[in-house]
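Two complexes come next, and they have one chain in common, chain A, joined by chain B in the first and chain C in the second.
Then we have the complex of A and B:
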């Protein structure tokens, strides 16, 4: 019990430390970098609109919701306090709209596509990997392994381009491509009311189909390879041999003895991949013009909307850190040995 | 006076011979590795000779824009009527050079931090380990995008930035490797001779990390190409002559909706895939050479 508590507290502290570090880095980028956005804003106000220094400063402090008359340390404290309340101020590009409401509007879409893509690839990859480990002598084993290693190494956005060409451009002899790509921009069609009705759900699904497929295809190879390796090493364990000797049905051995234990080390990888995919979603969403958090971050960056930018980046980091925290706890619950070895260090 | 050894193993006879034997094994021992080496070599050769053999004509030709492949233009022409094949031939050089620079810097950083951290141990070690853990959970690509709003990225700053950003993963693997090396008798002997720390790191430990470094080199090059092409596609890195830029331009010109010129976007995409896959396969075959225990 004590190790469990120590383990959880340990991970919790690390999680908070990460979030604090990212927040601090952002604060120093915005406030202390030479030619930082606040100084630049004040300068342009003074040069272009002929405002006085005081006036420009007041405007800047209103826009960035920072009291610029305070000392840096006090500003930093106030900034941290606001971040804890998830208050990132208002967006510069769409004045008056709080950053959090923009994020709240966009984040579910990214979570929906990334989450279902990841889940789909996980289910397919795990089953294929476990199967391959059993059928190592068949002709298709090297083929599937080769394809998996190929898929896992090429960048996800190149897969997206291939998918676009396959489904949206090539006509396959018929008159039209399979999917009307230019009609599928955005998250749902005009004229569909969001809500729990069938029309909206199918529409949202069709719009998200290509991004989901992209995430799934780019991840599936990794799961196949990981699961194959993990299953092979589990297959040689003594308790599996014993189960075979006891005459337990092969299907039950596969699920209850091999599958479970082979899955253990892979489950933490799930959270790791999540961070990678959320990073990749920047490019994927740009390609499919999907209105998720990644596209919003790009818009914020090109429009120099600093509050929105820092808000989104922080939310992305928090999402990743929290999910990897949950994965570690989950892993420790499934496999108590982890607590003993990992809880002690750091 | 030293006496010649009576029995010589390959590793004692000559460093060159050993390297040659290892290289031959790395290239020929398995099909995917061989294909990887061939593709990588072809891309390197193409990159070196193409300025003379297939020079890029920057002059636009309005009469022949977005043409499908023909005998005159093997891969057709782009939106300004320039030959695509010449651009493909010249497009790999920048990517490769950048990847080499970044990987070299990154490996250097990772080896120094990892080796010293593992040897010194104690509080410095656990602090660095904690920092690396934290660093790994910050999403890399979004961070680069955010940083691009503050720093004007060009090829050089980008290479340095990426090398610095990728320190954590390398640090962890190299630290683990050095920790296991540290237990070996010859390192213990070096410590007992009171040799300096830098001597131990660079003369005793680093040579034993060569295989490890070679493998991570290809992985880091792959990661660099991914980030570079991604950022170029997003329009964050300045446009130069490389495959990522070609994808970006083909994309912004809406080439994808024009079935005639689909080659314009397909060709650079395929080339990047080939380059990355060849790097991965080369890395895997190097792994077989230096970590024989992992062989199937």
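Then we have the complex of A and C:
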């Protein structure tokens, strides 16, 4: 028990150190970006809104209360102090709006779409992968493997564009597209009140459908190929042959012998991808005008909204570090040999 | 085997579920049935990017407001609209305006039959509130006025601090907000002014900070449409008809839809024929597809574009003959053709302004045309002490004359133009290379003098030439740490000794536009002769319209010479009832 506690405390300390290190690097990297938020804002007002230089400058001085002349170390100290209190400050470009509230508003949508896409692709992928490994002699094996390779090599934004045109633009038989284009943009429709009601849930699901499909299609091939490869190598293991010789039922062999061991390397990959869910997908969210964290990060970066960028990157870092930690635990639970080697979790 | 069946069944289940949801969604939405009710609402659809709550909001004076750029004028009317060709204003909320006899006040009379969407009458107090908010926001209009006085409910007097013809634009073109929403802040501004607080004072800044956090929950309207926050989604905003507006019976659409987004996310909407007007610049291939689908393209004369900024702080660009010589080498037409085909066009005049503004404000016949003339360029370089050896130009000290042309690498037109300029100069014997930079450092590099030749902006969509010269001559030169390194006092053949800084200030002063034109002429001739920057091409914008497909745009094509960004013609046509849906 003490060993377990020591292991967890050790890992937690390492996680904290990693988070601090990444946060620090991000803080300075962001400030190494050319230009600064004020100049960027003035440029945008002049180029996009056609304002004169004087008017653009007046707007900028009205908007920005930040002190860019403060030394980097002073800014860093103040930032760290706030972060410890879970205060990420206010957005520069949306004065008075706390970064945390922006993240809290956008993150659930990204978790919903990217998470659902990941789960869907994972479930379909490992099922199909296992099936292909078992049925290597069937005609569909090379077909499905080929399609999987093809899908895993297509950029997700191309899939998104294809789906948008297929569902929202092409008129089948001269009628209407499969889905009204309004249902393919944004998170939910005008007139629908967010809450735990069927109308909202259905509407939000339909709006999220194509982003989910995009994520799922773009990832399913990878899971199929990974699972297929992993299952094949497990099927040829001595303990599986022995189990067959012992006359153990195929279902038991599949679940207890093959499935569990074949899933080991994939579970690590899955856990790591869980961490990356937080980042969302900048291009996919932009294409569907889906207001998730990825789109917010894109806007924050183009406007050099330091606090918002830092907040989103910090949340992403925490998610990735935590999911790595969970992957490690999960791996140890699935594979008793890890426990025996490390004597970690008992 | 059983398990495998189970796997297949699970997969099938997911697929069937997805198909079912798609089918249900398609069937449940009335818009997709294709059956139009006899009373179907007519709508006009455009697009503009906006942020949604919590980053987006309805405080129209603070960044990230859901203001929808020019579409805002459909619900919060300005006092007047502008026509560039006739250079005059047409009254909207105003009934008329005139200068007082001593020309110290601009008296604006307001329409008396205007009510806000909330039911409150529109009065002079609303105009005053609006301009007090602009004072709080530090808007330059307050450089020219020092008080806004309510004479009576239908009359407001702007007390003029600095006489200028630009005052009409600054005052008449601003959308007017209501006292009901912003009145409390207007009162506080009043109190600070009465207390003699400066805009830099702590109290003033405290109020600014408080105001930037102010988030109104409603947007009151005088225009024929109304922005209801309940009709704002991530996808689009629906501006619904404001029946209490005096223009409600004039406009021909029941609602105006503004789709959120930029080129990639608006493309499917155009393909779907859901759009009536966009100012976004689509790739040529997309434009062809849209034309095939029945969309019309409006080609709008370029009012601004890119110019070559010379670093006169560096040798040999400090010599006017060298800058002139380079102007004679550069083939502006060919660069305009290749930079962004169909969009960019070589500039006709080297006046520092756009071509249309040049023809409106000065006599262009006196300008040096800088048509390609390599002999003239050679003569000028030799006059400047440069020599041609083995086909390569050498500086007076004997070193090779080489230069880099800085331009943002990710701006397709600028990068192509810079490469083309480099090629033309190299062919002439000046080794020139294109230096692709991050767009974010473009202005700072110019300000710090870190360039030989840089591509940057010239021209303006605003009606006064001052704005065309502001960026290159003031922001990037006189007011920059190093900038172009171009002396603001110049000796010229055409205009004698000129102080450009003084002329620029004077160019906006007074009420006599003819007198202003004479000053602008001096500036233009000086720029033409001394070439601190060489305008290469202007950007003609292509706006897509559904004219003939979903809408009829009517006549009055003069309006298309308005700046689409600043005095948008589609908005004016909607407001005056010219633009209508196809029956």
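Methods note: the second predicted complex is superposed on the first by the 261 of 346 C-alpha atoms of A that agree within 3 Å, B and C clash if a C-alpha of one lies under 4 Å from a C-alpha of the other, contacts with A are read in each partner's own complex, and residues count from 1 in each chain.
Rule of thumb we're sticking to: a residue touches a chain if its C-beta (ideal position, glycine included) is under 8 Å from a C-beta of that chain, and two chains touch if they have at least 3 such contacts.
Treat the numbers as computed from the prediction; the structure is a model and nothing was measured.
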Touching A:72 in the superposition: chain B (first), chain C (second), both, neither? neither
One more residue to check, A:333. First (chain B), second (chain C), both or neither? neither
Looking only at contacts as defined up top, I'd like to know whether chain B or chain C touches more of chain A. C
Is A:165 contacted by the first partner chain B, the second partner chain C, both or neither? both
Considering only the touch criterion stated at the top, classify A:29 as touching first (chain B), second (chain C), both, or neither. first
Of the two partner chains, chain B (first) and chain C (second), which one does A:254 touch, if any: first, second, both, or neither? second
Just chain B (first), just chain C (second), both, or neither: which does A:286 touch? both
Tell me the contact category for A:149 with respect to chain B and chain C: first, second, both or neither. first
Touching chain B and also chain C: which chain A residues? 33, 164-165, 168-169, 182, 286-287
Chain A partner, complex, touching residues on chain B are 32, 126, 129-130, 133-134, 137-143, 145-150, 222, 226, 229-230, 233-236, 247, 251, 256-257, 259, 262, 265-266, 269, 272-273, 276-277, 280, 284
Along chain C, where are the residues that touch chain A in the complex? 1-4, 7-8, 10-11, 14, 18, 21-22, 25-26, 29, 31-34, 51-57, 62-64, 69, 136-140, 143, 205, 208-209, 212-213, 215, 230-236, 238, 259-262, 264-265, 268-269, 271-272, 274, 438, 440-441, 443-444, 457, 460-462, 467, 470-471, 474-475, 563, 565-566
How about chain A: which of its residues touch chain C in the complex? 33-35, 39-41, 43, 46-47, 49-50, 52-55, 58-59, 61-63, 65, 91, 93-97, 101-102, 105, 120, 123-124, 127-128, 130-131, 134-135, 164-165, 167-169, 175-191, 202, 205-206, 209, 213, 250-251, 254-255, 286-291, 296, 299
Considering the complex alone, what residue numbers of chain A touch chain B? 14, 17-18, 21-22, 26, 29, 33, 36-37, 146, 149-150, 153-155, 157-158, 161-162, 164-165, 168-171, 182, 275-276, 278-280, 282-283, 286-287, 294, 297-298, 301-302, 304, 306, 309-310, 312-313, 316-317, 320-321, 324, 345-346
